[in-house]
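Next up: the structures, one after another.
Two complexes are shown next, each including subunit A; its partner changes from subunit B in the first to subunit C in the second.
Take a look at the complex of A and B:
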């Protein structure tokens, strides 16, 4: 897409967003961008290789053995009331085109699959993969509005599973799934690179805290801290910050030395549930091996969904076998216990973005607000918020479908841009988003729509504004 | 590991002060204790450099980093050390250097020491200071045979560029034994297990995105499954037994065929008796419940969190495991849980005669050893894994008590309810 000029200083943020939207529509009308012809090498390859016979065989088996009856029940229960439509950012951001409504997406996928008993063409499976992987972020916002509690996120996840069984998964997320399988982390981080990152961060942190340690493979620690693959690869400062916060709060913690350290799970989003289970097994067993009392995980939403809800259950653990606490909650607990104190408050106005995986998925919203209020001068709520917050359009795997779908992803979330613009117009300069994928999604929105906002993790603000009596 | 030569007669011995170090340490890492309880090692951070302190004495030479100190079963102290390049220190002697060295492993008797290495961006293993001749673009799942005669890993045999999805799915992974790969290539290779003498190796392999199997000494089972877990090799006949998933349920299989009639919501960590005649596994008989199954029959005592650390007695007649329910651990012997519940418990062990079970346990931050459900003392700052005397009548309990490493040899009869 072509860019709009930077906004004039006098304009309010919402006007800028309108301008960008108008420009986007112009580009579409001029044929500069077309949602319907996005090329994805893996989808194209799969379409060439598939036959209708194979598709039907695989789909029928999938329906018979993996919950076809549940899918049918959902479809038959739906009364087509459309109450879910205005919950979905894809629908709201695409001129309320019914095909982007939650129920519209079900109609274009599950209905067709059931109606035709799996008789689909390769092109249709290609289209279904695009719908399920890039037009639904599995955010479950629509579920809040459906009078029957129909979980469209689950239905789209099922379509992704079917597409996985047919090899029809977008290239970039499939590559990430391969990384998980080969290395047990999502960024192809080799075993020694992980250890090196931890030791490097310990050396760096020692300039600030003379006696800091980042313990690796310490047995019996109170906290086993787990992160996602991008942290050692691109965002080592987050490891530094977490270590600084734990050190400062007197937390007995460790990182594991061996695979299992990455809690993330793109296989959950590609529908490769067997690999998802394997990743979770490695994760939990590495903590069991170290006899850790609990796992505290970094600020990632989708990883939380995989360790707390989906992946653990595929393995057979009804609940996490070891207490699993998201940083949002853990930071709040450290504050309540008096272990983590604020030195001075972050002086700018902030708003809190509720990630779907930790808030709709687990209700951690008040913990996040507690931390934000303790560490920030002023919290201005975005509207809607908490479990009704508008999705980032990233953390359900959409962002991981990579560059081919980036413009579509961002344009399918101008509704979020409008929501952010409203808080920017109230003087908010900083969005606190305790989730990696939300950061990725929001960063693209902020950039595309020229929003005068910056993004922070809770850990960024805590690290900078916490009381550090020992720091040099 | 010849435990008959250990001191089984001195009832209490104060070995060394736990934080003793003859250098100016900014901090000392948590201690590691030798299996016989006679030596205590700690990494010392000496304001910018690292040293290794054993029983208070700093070893010769300091390094820009030392970590992962571990005693081998035969009592040698190893550590990973860096000065521009990485090396393994074994009782103070440095091996050759590498770009990276990690994942120290020992043969069962401790006579052989192995580790993973990276040199110039290529990966493999080193055993007793001899590296593999061939290194690979990547390697993981490093494994040393129990007798130390062979080492193996999952290796990536060709480089792979970003998003080369098709090439990945053609299979670029292999199993390397002592650095040489089996001829077959796989989409993935996961964990593997050797026989006790290292002559047989079985590995979990993925043949395409959807089919998994077990490869034994380079030959893949004729059947595939939607998922498999780590195999184990029978001491009786040398065949691999692995958990396999069939129609959404798990059971144990050998040679590609189920060998148990029962199937479970989950089944893994199978283990043999010493003679290979008995076979056990951790199983989930119903979603969310966990127990042991022995010879195809599940125990009645189940746990909601998980079950782990299972083994047979030396004669195979009895079995033990840990179970966790609502965050509390129990030791379960022959399907009966000890009455005590613990905040943490470690791998239980049988006495050589199979009559007793001992486990390290922790409650409220205090550590001790329990034998047959009876705990010793009211708890210590730290405790090591218990070791039974060869005659099965005493237990070596090494603890940190009042700042000292204390070695206690306690008659089994002295464990009181």
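Take a look at the complex of A and C:
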């Protein structure tokens, strides 16, 4: 059988970069880059229900009450130089169509809103919601390209806020926002299901570590560990791994029993800032009630943005009210303190993908590399990297806009596929990405372009390759 | 007629232009600062001069100091030279300094050799042409360009164009000098009220971003 197939396989001597570029041409020819037919049930419904009068009333009120100095000064300062364009994966992947450049998207939204003083048709608001929610990940890469440092992510986030006030939010992400409002977690996880998941993982882990505990609601623990809703929902093994790593490192940790355990925040991305504030308050207050010494967050980027930077601010905490660190940093500290040791190195070539929210949101890039170098044989850098890394196009709530926008999301990140293909061409087999959204986005890219890459969290590699003296 | 215009341009219009420029800038700045105080109070909380100035240094003072400048070296160098010449040549031009000295009878500051000032004025004009060409040829710039953007380019180019023509005495000197004064006054008067206002806002926009990046996010923004 292999004799028949072998010649065919041997013929394809193209590099992965060439294959990605060729696939893009096929996709363009197949019409996959035409996004005009996308339907979203909630956007379509809102468009039918809104009137121009109502829109103008809401938008004017929003501008008067929330349109602050940042919004206005950014718009007045921009000299329309277009230097932000090449920062953006949407622009770079969509044949450099200028409407996808960061400033192009500001033109299609904020400029129009201000010029017309909020006099917009329902169809225009629909379009603005699509632009702000699915053509921008708020990844802030363009901010680092702007000579003035104009925060276009902030502007797009403001557009989402306006759309939220008009009920014009894509269906799937609105559902997660509803889940937050009803359950204080993102995935409609019921209170008993959460505790059940923790106990289930504890049971499982006891096969490996005889005396492991997953402490729930322990007062005064060194570490209050928080995760995002999807972990108990469908990546439960990550809870197991985290518990194993902590247990093995002798960390005094706990999970909270009650709502507040979920640090994620889709409301930050839908523009439901009131709800964002509630979520963050629950989270911090839950840790404070347990008198935890510090919060350590699982490997998630957007939640970190909300907890460390955005949500706390809405509640009125300039900086987190109790120490709060991302597990990228915590793993690195455990290694430095000698508590976490590598048994043997992960034998394959890896590359490190910096999530926007842990690098542009908090310069954790060297911590991530420290852990990767300790646990992996060889780290090959992708380019660009660190604070200039290219976005996964899943974060910022874009993947949460769900199936209607999936093809658009994956096509709009062909540029990332090229970046990954370049390391694949150098023999890299594994991408380490310490963020859930990045996993979602990169996974789709890897599958779509058939890239020969595996995707790992730091925790996956640490769990498998750490020294486990007690393990049975 | 030109004498009347000359007297107007060298007399009351100077004061009008200065009042509009300085008063307007002050007004625009205080509007921004007050609005920030009312609605974006956190800007004051996070503000850090250290990070603001550091970021401004890498972006604007040090040529090719930022990542994006190195990706676009031609644009970056032209922009840098353009702004330096735009600011330095009018202030240190002998003919300008002499005016102040005659008016107030004091030696104020050193002057540039005429040849150097001439080259700098040409550099500003070359910069304007370069920006104009970018606007009409690059799709990502063209897409966000409107009449206003061409207008401010002209507003900036005119004082230098007329100044060069006057200095080289192409045609009637007095006509060019009068037009030069009018063009200069127009530029000053419009500064706070057009996109030229980026001169007022730039440090604060850059500075806030730098403060967030430097102090909160602990990552460089250049």
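Just so it is clear, the second predicted complex is superposed on the first by the 436 of 472 C-alpha atoms of A that agree within 3 Å, B and C clash if a C-alpha of one lies under 4 Å from a C-alpha of the other, contacts with A are read in each partner's own complex, and residues count from 1 in each chain.
Here, a contact is a pair of C-beta atoms (placed from the backbone, for glycine too) under 8 Å apart; a residue touches a chain by one contact, two chains touch by 3 or more.
None of the values given here were measured: they were computed from a predicted structure.
Looking at the overlay, does A:54 come into contact with subunit B only (first), subunit C only (second), both, or neither?
Neither partner.
Applying the document's definition of touch, where does A:116 land relative to subunit B and subunit C: first, second, both, or neither?
So A:116 meets neither subunit B nor subunit C here.
Once chain A of both complexes is superposed, is A:171 in touch with subunit B (first), subunit C (second), both, or neither?
first
Check whether A:195 is in contact with subunit B, with subunit C, with both or with neither, and answer first, second, both or neither.
The answer is first: A:195 touches subunit B but not subunit C.
Considering only touches as defined above, state whether A:387 meets subunit B (first), subunit C (second), both or neither.
A:387: touches subunit C, not subunit B.
With both complexes overlaid on chain A, does A:454 touch subunit B (first), subunit C (second), both or neither?
neither
Once the shared chain is lined up, is A:147 touching subunit B (first), subunit C (second), both, or neither of them?
A:147 sits against subunit C, while subunit B stays out of touch.
Between subunit B (first) and subunit C (second), which, if any, makes contact with A:318: first, second, both or neither?
In the superposition, A:318 touches subunit B and subunit C alike.
Regarding the shared-chain residue A:73, is it in contact with subunit B (first), subunit C (second), both, or neither?
After superposition on chain A, A:73 lies in contact with subunit C alone.
Which subunit A residues lie in the overlap of the subunit B contact set and the subunit C contact set?
318-319
Residues of subunit B touching subunit A in their complex?
Spelled out, the residues of subunit B in touch with subunit A are 26-27, 29-30, 45, 65, 67-68, 99-100, 102-103, 116, 118, 123, 138, 140, 156, 162-166, 168, 173, 187-188, 190, 206, 209-210, 212, 226-227, 229, 245, 247-248, 265-266, 268, 284, 287-288, 290, 304-306, 308, 324, 327, 343-344, 346, 362.
What residues on subunit A touch subunit B, complex-wise?
It comes out as residues 41-42, 45, 65, 164-165, 167, 171-172, 174-175, 178, 181-184, 190-192, 195-196, 199, 210-211, 213, 215-220, 257-259, 272, 274, 277-278, 281, 288, 291, 293, 315-319, 321-323.
Could you list, by residue number, the parts of subunit A that touch subunit C in their complex?
Against subunit C, subunit A makes touches at 66-70, 72-74, 76-83, 85-87, 91, 96, 98-99, 101, 103-104, 107, 143-151, 309, 313, 318-319, 359-363, 387-388.
Can you name the residues of subunit C that touch subunit A in the complex?
32-33, 35-36, 38-40, 42-43, 45-46, 55, 59-60, 66-68, 71-72, 75, 79, 134, 138-146, 149, 195, 197-198, 201-202, 204-206, 208-210, 213, 216-222
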